[in-house]
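After this come two complexes, each holding chain A, first together with chain B and then together with chain C.
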Partner chain A sequence: MRVKLAEMMAYRSHFILSVLLLIVGDLVVPLVTLLVYRSGASFPGWTLHEALLVQAVFVLAKGIAFPFFFGMVGTTLSQVREGTFDLLLLRPRPVMFMSMLSGFDPDDFGRLVSGSVLFAFAMQGIVIPGGAAWVQFSLLFIASIAILFSMSLFLSGILFRWVGSSRVFDIFDAVSGFGMYPGTIFSKALQNVFTYILPIGLIAFVPASALLGREGWGSLWTLASAAALVLLGIVYWNRMLKNYTSAGG
Partner chain B sequence: MIEVNELSKKYYTFERGHTMREVIKTLVHRPMKEICAVNRISFKIEQGEMVAFLGPNGAGKSTTLKMLTGVLHPTSGEVRSLGLVPWKQRREYVRRIGAVFGQKSQLIWDIPPSDAFYMNKAIYSISDKDYAETLDELVELLQVGDVMRKPTRQLSLGERMKCEFIMAMLHRPELVFLDEPTIGLDMIAKENIRSFIRSMNKRKVTFILTTHDLEDVELLAERVMVINHGQIVVDDSLNGLRNRLGNKKSVRLTTEQPVPDSLPAGLKLLERIGPLEVELEIDTSALALKPFISQFNESYGIIDMAIEALPIEAVMKQLYEQSHTPVHSV
Partner chain C sequence: MNKQWAIIRAIGFVTYKEWAAFRSHMLASLFVGPVLFLVQVFIWQAMFVGKETINGLTFEQMLTYYGVVTLIHYITFDFADWNLQMLVRSGKFVTFALRPLPHWVFALAQKLGHRTLALGFEVLPVLLLFVLLFQVQLVPVAPGWAVVSILLSFLMSFMINYCVGLTAFWLVRAEGVRRVFLLLKDVSAGVFLPLSFFPEVVQKILFFLPFQFITYLPTRVFIGDYELAGIRLSIAEAVGLQALAVAVTAALMLLMYRAALKRFTGVGV
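So, the complex of A and B:
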């Protein structure tokens, strides 16, 4: 990590610009939400601050998952295509861990800044939750990070076979975009899809609902499903690694 | 130290056409082709040996090297290296080996090599004392003390390659794989790298080298394995390899009269250097040197002459041109 930070500092202006652009980019959807509410429309059953809380939790989760885990998708994409993934396999450490480290991206910490600002703003408009809600939220937030981690494993793993396809980022953006909105605005069928099939709803909607006192302790089943997803992701990634063919020498 | 038995690697690749019709056709159906990159090779390498893997592009050298380093899983066959199976006991194994790839850098482009060395210290869990001792020794041997703190992107290719060697040797490996370690280097840099390899080899570090630079082979390797079409076609010493062409020598001649293209039996024109200067190959078992010199002097008038052992390139060219093993379509 120290080396990665040193690498970033070699191009300080690029680093600062990247962080600023990420902050601005992450605030686009909340600003649109603000405009929607200012124009008199709303997400049914959700106040502006409650809707913004869901988006804040989503950005915060990405602010942790992206610098630490999602960089491995980009490094797998380029290193498998170029054959330089060989160099990670020559290190006496777990390959997945090395892949994550080489993808560590401090730029993405910018998302933590935008997420924190948004979170603080959203909290000003809701009733301060009690201790139990904070405990429930913290546990569900861990599950949210775990789900994002498993997604990075699936996306990265597929690149050992689907060599050089940068479409994986588009797939993630297209699917995860639904997670920025309160789940109840979607149809029941779609809600089930986002809970049990593509667990996008578990990234922000469920933890934010817990903080708002809308979820009972039963929602903690998410922890078990997040753990199962991580386990599945690890098995999948390691199986896909065996498909690595390197590049011509 | 290394025991390889019937090692094979097959993989499948898609055949793609280049015309618009073929490109559209491949959207629906892509014929697959089985490539046998390495075909049942077996060999042994002892500790302290310096072995060169040679072969034309696509012969299977790098694939073999990648299986020996544990990077690739073989399709079949066995390898025991340092008492371990490289791809099964990868972490334990790679801790004891080093690798330098002439075309893949282990350094980090934007930061100085010293930071990358420090990263390797952490990855290999090298103690502070061992790290300081080894680094001092390697820096001294390779004379890179003044470049270690410059960003890698500002280093010359020769300086970078020396630092690549430090990266590979910091954890004191017993076995080192070198994949074209002198590619693109000037003569001075090549000599520095070669002398470093020789000094490490004297300390019983085993080196396995793949290269297209036959000077590397002549100056470094004691044993040569030629791989072609995935099979070992020669496993011999360098002298043994030369003797495979029989009693042939290279003769460079400057004459008063031009030497014609058609020559008597036992002679072959290798190169026409100038109107009155040629390089010939002479098979002394068919035409002895003494009659050759007297005949040529009489016919063309010898002004200058140099006789040398046939260059290793000529031997390699003949081996590379051996018959092609077809790939199987599925």
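So, the complex of A and C:
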């Protein structure tokens, strides 16, 4: 991590611009929401601040998951293509752990800034929740980070077979788009898919709803669901690793 | 002239064949495009509850807007900026500096080949999915003007990206600048939201920036009605304005290209 930071500091202007980009980039969807609400439209049953809270939670979760876990998607992509993934296999530590470390990306901490600003703004427009809601939110937030971690495992795992395809990022952006809005705008069938099969809704919608007092303690089952998904991700990643053919084929 | 055209065709054909080997890369758009569109369908379905129009657009027009934006994105998609910056940073640009053909012509020919392949693997299948699955109205009001406008958008997108790529001749590592610029470009071009949703003052600024000519203007030409910052233009006037903007941007790109070549230093050059 220290080496990574030193590497970043060698190109300070690039580092600052990258952080700035992430901050601005994460605020695009909330800006769109703001402009749409300004035009008089709204998500039924959701005020502007409540809708922004969902997006703030999503950005905050990315602010933690991306620097630590998602970098491995990018490094797996390039290292498998170049054949340099071999170097990770030779190190005396678990390959997944080394892959995660080599993908550590301090730029992505910028998302925490945009997430915090957005979160503070959203909280100004809603009733301050009680202690129980905060506890519930904190637990669900851990689950949301775990879900993002498992997604990084699935995405980087697929790159052992689908060599060099940067489209995995597009696929993540497309699918995660569903998680940035109140789940109630989707059809019942899709709501079920995003809760039980592809738990995109658990990343931001469920934790934000807990903070708004709209979720009971029953929603904590998502912790078990997230843990199961992480386990599945680890198994999947290790199985896909066996498909790595190295530079020599 | 014929020789130049033959060179452009040859480069385009080689690029076509090269990228045809990575078909799955493009085929991912068959999943990504419709999924992103589906998100928009649900968002606007919810927004239009109890409303006939939002900002002058009906629900059907809104879906057409996002459908056309997606298709224009696939038709005009460009990575000349990334490619040029990579060539400059790695020193590989030296091989182009020695060729009897300006690099921008080479890059444009590559884009022609790449996007020709995309017509079959991205644009047409996604268009069919939008029409058959989502029943989006994707017939332009004035087909001739829409085609001209999309072609101009193709050139505009290339030239703006190429100018961004040229910054690599002045900056040591231009990746950050490139990414910031491209994000602002997408916001200002109306990719995320029609520009008519922005405050009046911002709309006035956006009217004079070149980005609206990549996405917003061709999309409105497709729908058959152009308005920005309170300025209403007929389709012919809008396309005329777009052609003028393309000409100005071309001149700017050529000036930057000449200045960049004067700065370039490489092994043996």
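Here is the rule we use: the second predicted complex is superposed on the first by the 248 of 249 C-alpha atoms of A that agree within 3 Å, B and C clash if a C-alpha of one lies under 4 Å from a C-alpha of the other, contacts with A are read in each partner's own complex, and residues count from 1 in each chain.
By our rule, contacts are C-beta pairs under 8 Å (C-beta built on N, C-alpha and C of every residue); 3 or more make two chains touch, one makes a residue touch a chain.
Quick caveat: nothing in here was measured; it's all calculated off a predicted structure.
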item	value
Side-by-side fit of chain B and chain C on chain A, or clash	fit
Which superposed partner A:Ile234 touches (first chain B, second chain C, both, neither)	neither
Arrangement angle, chain B at one end, chain C at the other, chain A at the vertex (C-alpha, nearest 10°)	80
Contacts of A:Leu87 with chain B and chain C, given as first, second, both or neither	first
Greater chain A contact set [chain C / chain B]	C
Touched partner set for A:Ile142, first chain B, second chain C, both or neither	neither
Which superposed partner A:Ala6 touches (first chain B, second chain C, both, neither)	first
Touched partner set for A:Ile23, first chain B, second chain C, both or neither	neither
First, second, both or neither for A:Met123, with chain B first and chain C second	neither
Partner chain(s) touched by A:Gly40 [first = chain B, second = chain C, both, neither]	second
Least Cα gap, in Å, left between chain B and chain C after the two complexes are fitted on chain A	7
Chain A residues contacted in one complex by chain B, in the other by chain C	11
Of all residues in chain B, those that touch chain A in their complex	11, 58, 61-63, 65-66, 69-73, 90-92, 94-95, 97, 99, 101, 103-104, 106, 108, 110-111, 115-116, 118-119, 123-124, 151, 179, 210
List of chain A residues in touch with chain B within their complex	2-3, 6-7, 10-11, 83-84, 86-87, 89-94, 242, 244-246, 248-249
Residue ranges of chain C in contact with chain A within the complex	24-25, 28-29, 31-32, 35-36, 39, 42-43, 45-49, 51, 54-55, 172-173, 175-177, 179-180, 183-184, 187, 192-193, 197-199
Residues of chain A defined as touching chain C within the complex	11, 13-18, 20-21, 24-25, 28-29, 31-32, 35-36, 38-44, 162, 165-167, 170-171, 173-175, 177-178, 181, 185-187, 190
